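Each of the next two complexes has subunit A plus one more chain, namely subunit B in the first and subunit C in the second.
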Partner chain A sequence: MKKALAFLFVCLALTGMAFANGADEKGDSERITLNVMGYGDNSNQEGISWRRMVTTFQEENPNITIVDELLYDQAYHQKVTARLAAGDAPHLAYMGADARWGAPWKEAGMQIDNRPYIDTNLFDMNLIPEMGPNGERYYLPIGTSNITTVLFMNEPLVQSLGFAAPETYADLVAMVPAAKAAGLQVVSIDGADGWAWGSCLLSALIARTSGDTQWVSKAVAGENAFDDEAMVKALGLIETMVADGVIDSKNVLVDYGSNISAFSNEQALFFVQGQWAAGGVENTDVRNSMKLMAWPTLPGQKSGMEGSVAAAWSVGYGLTKRAEDDGVQEAAAKFLAYVNRVEESTQRLRDGAIVAPVNKGYVVPDDLPVEVAQKVALAQSSLNTEVIDAFLTGPPNDALNAGMQKIAAGEATAAEVAAEVEALARQ
Partner chain B sequence: MKTQENHNFRVGTILSYILFLGWTLLTILPLFWMAYSSFKSNEELTRDIYAFPKDLFENVDDEYVVIAPSLNLMMPKEVRSATSEYLIIESTSIAPNRLLMVHYLPKKDLDPHVAQRKTGDKIYVNELPRRLQRQVNRTTIWFNYTSAFRRGALGGKFLNSILYASVSTFLMVFFSLMIGYAVSKFPFKKLSAVVMGLIGVGYLISTNSVIIPLFLMLSNLSLTDTHVGIILVYTAFGIPMSVLLASQFIRGLPDSLIESAEIDGAGMFRAFRSIIIPMTVPVIITISIINALGIWNEFLLVLVLASKEITKSLPVGVYSFSSLTSTQLGWQLAALVIATLPTMLVYFSFNRRITRGVVAGAVKG
Partner chain C sequence: MNPRDKRKLLGYAGFIAPGLAIYLFIVAYPVIYSIGLSFTDYNPNRGGEWSFVGLLQYKTMFSNPMFWHSLKNNMIVVAVSAFGQIPIGFALAYILYRGLVKGRDFFQSMVFLPQFLSPIVIGILFRKLVGADGPVSRLLQLMSGDPGKQFTLMLKSGTVMLPIAFALLWMYTGFYMVIFLANLQKIDSHVIEAAKIDGASETQIFGRVIVPMLSGTILVTTILAIAGSLKGFDLIFAITTEGLQRNNAMVLPIFMYQTAFQDYTNTMRFAFGSAISNAIVVISVALIGVANAVAKRFNAGEIG
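And now, the complex of A and B:
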């Protein structure tokens, strides 16, 4: 028995050594190995599409081998930081150019101008924002702007209580007694996720109270202060919403999935999230009848800001500085065009991942799902403002997100949170 | 007086039973929930998270719709080369419109009136020939498991987990026993104290605090993304505690045994092989269990150090189903069961031996 056990261990040890080198990247001289970092997981639509694209691209291009790593959310961000710190950047990666998605690449000096690799016959450069001082495009966005502050309304449920789509905040407050009596929430938010308060709520509020679509970037640059009246008012609106019962203070315990589930299971009249959450509403009856809208007119709102929504540049895939070799650059550009081809853009549009593609001359299909058609309509009709965490990062942003949770829980005031963020932002 | 003592004893016994029963339920119920929920569709899980599975089992009357080949439909090769010879159907109740619960039915095996259905037409499982009904039935019941295994490539990750846990544990046991033997029984007191001091410092280092420097170091050695690199890291992180356990245990062994072996002509290595190893089986079991379980469940190191699918282990595979926007909770639960089952099987198979080993290791150590 002992001998057998020892033999087994030795075999395993030898197997381990034999396995030692993992996948061998060396191939024959004609094969090109492309190292790519994708974004998604194995059970969300992005990940499922990614796996398919990698497989079919390699089948169509047998001389290119893709070594990919597919990660999602925090795991992706942690891994990007680690790989860049170790000088192990991929040739092509999912990235952005703002403070959240672009900072690690910029700090590592891995951003390069992707214009030479973006085929202008296929993609409309006018739809791709300038990301650098000389008009650089550091990646190819998967879509146009990404609305983060959508108010999703279960219209039949609202109508069943005797109300219509709200035009003002007072209309929302008027729904509170009837909703409470029916055991429903008025507006649900995934308050356990700090980022949701910033990206999906405050980003809309600050533009409304300041009347400035670029208030956030100006505050980060020092032209505005985070404890200015506009910010205190915007944070104060969260206090008001909780006090009026529009948002339940218990929402600070609700996570992303539970927030969507509550709406999907008809336990809330509205929920707050980004446009990407539309496809996540599982109940098809609710999904087909829901309305996507901007926040109604809010107390203290400046004129000209009616129907505004916060929107950020879409993320996408871009070549990095590591793609130095001509062959690798060519293969990477080919794959870049492949993951953004018209068919993929249409798929993303149908999956609800984007609002509109950046493909040149793209014709929107007329058989889009209801919620996708609404998204497109919302994007076309609304005024776009800045998303907070596209500009503000690190401790001030963390303090702001945590501060809003404290405000909702009644543990801090708007002025206190604003002062703390301002102090951290100027350090 | 005696009656009072008996009463106290009874109360104590009842309380301890309640406590243990509560603890047992607290441990077993989540596992039980996970096991039966892994056979529920995502729609069932969203509807009622505690209900027993039904949709995937009761599928004889399930409704399907005929669909056309489309971009996100990953068709098997034989279907791709002859799509017109197959009827592609998608469930209208399990993951509808997501192209996940899809069957490819050879038209030649279907009744002509069924084979002629067009895109958008409804089709029911009970309309299919018996053989295809059984096939659909089987595929539906195991939907979560086959999807988790295939989409998460859990087979390879499963083998990697076994490899990392077994080889690292073997190396840890081997080296920690050697170090433990040297610091406990060799006549180098000061050197032993220095070695144990270093080992003690190693015990204090947390994985999180060194993960980036570790990644840099392995990168310089070209060991990132390799099985050897990951095994070495696991071994290094496991050695401090293993050495502490082993050295304490070996210190308790009588010196006379080693002296007798030396008198009989045994050298250092012979004494290690024939005296130390057989006598330290309890602590070997203790070290092995603690480390193997730790490595089996370890996530962060392998997430950072492994980039290619070929080097990732099961926890990373399970995590790949658990994002905020994940649409299939059932897959995640199936992946969790796949990851949990081996440890449970090992425990139930070697329950007595493990308990004996841990108890002996704890007492002697």
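And now, the complex of A and C:
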């Protein structure tokens, strides 16, 4: 009897183990399991929207089960690398196609041309950049290009000190004494995050000092050197800004959240970040009255670069090579369209996550928040230049980011940092 | 061997086999696999193809200044653990054991409390403490009268390990204190009473009775501290921000992680990461060997 019970128990255990992973991708002819990797967390709007979209999509499509993983910031980047290395790629994932967001997918051979899965009746292909040599689109961006070097101005605060929107760098310098007397910073940056210096500041400066919108990609290709005069001048501008008090050296200790909070709490006249940070300004008075602008004319700036901003392809969702099965591809394409439908694009627009949607014939609502309208205006009026970490990655990029922090902290000179980056880039 | 001995042997093997199998699969196999990997250019994203590259990864590792910088920082962490956490933990345990302070349970709980918190939470807490205009900076501003004063030790390579050492002490000292306290409670109180009757002072009781009796525990905690210090990743990763701070405070596990998981310019990065992880294992084993040798030299082993 005992033996029979033991045998039965072992059989049950083995059966349980065999079916512990649930049904496979297409267990029967109707049910499809879609493995998806989303971006966001439960505390930000993108994450909250994601949870809602997954739930409602499954309700509307009972034959599709979504197994999703929602990650944000560094956790996302770490998990992508780990999952791809482990051969556990999702069917559909948040991704990019540049050096920062696209490298893992490219190296793992998981990028596929998503054009067959993008419904051209719903999305404007002219707004989606060509990402591969043959015009491939590896994903569907959630919006048009992202401006990464926006100068957010608290206009009422600037005016209260007796100033107007700066047209030149000298105008910013002129604000320093009054701002200091009032206990305010002039320009705040999340300088504790190395990437912020590169993506949100130097990307704008290098285009201004070189007069070339594509200086970075040319440097990565070896046509320019990172210790060229233009780069030394651009890095030197950081030295100058700190020396002039335009950027306080303490910003090397300020993280992303604290930077936005300082501006939101009216402790800084300006802050530097990407356009997506607009929605993070929680003080509605400040958010409704702030102005989004490009850096004013800078010392040593080349002609023709007035008002330029750095911009990178927006990230988005794309099918991966793992979505091989026809049924999975169909379900993934359906979900891809769902997360980018007009309602979601409008929500992202309102949240400040994007500049403009890629939905075909999209009509901008009349009641959009002020800062969103400004973003659109800035995107339409400014000259776009390259974002550094869309092209430069690995040790040279790390050295550049840490180098700018050293410059701001008075630990290194522009020439030293430029030489170090050039040496690493050519290794 | 007679049948009875054979049966005994099989019985012993039956007891050992499950544990041995788990050890070989979970501990030995990854270590051996990692050693093999470090002599190749393996990258799982290239479809499993690999070539033998000899000592290339090790040559690259030894010629990388960041490796030596990370190793130096790791040695600081080891020193803080072995010569900070353990002595302080021991001293605190002794104070509590001898009832030299009132409210023993309260102090025991307070010192052990950080053990209940995730290292990530503690890391973020310390990051906020030492951030711009954070509580530490505010204190400095108050003391100096300079409203612009900031706590900048995290920005300098030479000083970054000081706040981190403080965080390490705060977090792990309670763990060692509890180990020592548990072992102190095993000591026969008559031994201490006898020493007192013989006229020994509190310092003499501690130095000549307690320490020798707990030398085995000291050795075990030292081994735990060395192993823990060399593989420590989470706390330092969470305290520092990406860029200058993390570069300054780089330790081998973070260096290994950044190399293997983030440096897409290096197509051999997984094999290179394996070489770094092997270096961590070798250094751990060497340091534990030194600890054992020192313990042997002083005849460590609990008496009684």
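By definition in this document, the second predicted complex is superposed on the first by the 398 of 427 C-alpha atoms of A that agree within 3 Å, B and C clash if a C-alpha of one lies under 4 Å from a C-alpha of the other, contacts with A are read in each partner's own complex, and residues count from 1 in each chain.
What we mean here is this: a contact is a pair of C-beta atoms (placed from the backbone, for glycine too) under 8 Å apart; a residue touches a chain by one contact, two chains touch by 3 or more.
All figures in this text were calculated on a predicted structure; none of them were measured in a lab.
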item: Touching partner for A:297 - first (subunit B), second (subunit C), both, neither; value: neither
item: First, second, both or neither for A:109, with subunit B first and subunit C second; value: second
item: Partner chain(s) touched by A:195 [first = subunit B, second = subunit C, both, neither]; value: second
item: First (subunit B), second (subunit C), both or neither touched by A:75; value: first
item: Which of subunit B and subunit C A:240 touches, first, second, both or neither; value: neither
item: Contact breadth on subunit A, by residue count: subunit C or subunit B; value: B
item: First (subunit B), second (subunit C), both or neither touched by A:87; value: both
item: Which superposed partner A:160 touches (first subunit B, second subunit C, both, neither); value: neither
item: Partner chain in contact with A:409 - subunit B first, subunit C second, else both or neither; value: second
item: Overlap of subunit C and subunit B interfaces on subunit A (superposed complexes); value: 78, 81-82, 85-87, 255
item: Complex contact set, residues of subunit A against subunit B; value: 9, 12-13, 15-17, 19-23, 40-49, 51-52, 55, 67, 69-73, 75, 78-79, 81-83, 85-88, 255-257, 261, 264-265, 276, 280, 282-284, 343-344, 346-347
item: Interface residues, subunit B side, partner subunit A - complex; value: 42-43, 46-47, 71-72, 74, 96-98, 147, 151-152, 163, 166-167, 170-171, 211-212, 215-216, 219, 224-228, 231, 303-304, 307-311, 319-328, 331-332
item: Touching residues (chain side subunit A, partner subunit C) in the complex; value: 74, 77-78, 81-82, 84-87, 99, 103-104, 107-109, 183, 192-195, 197, 248-255, 258, 393-396, 398, 401-402, 405-406, 409, 411
item: Subunit C residues touching subunit A - in the complex, by the definition given at the top; value: 43-45, 47, 127, 130-134, 137, 147-148, 150-152, 154-156, 241-245, 247, 261-267, 270
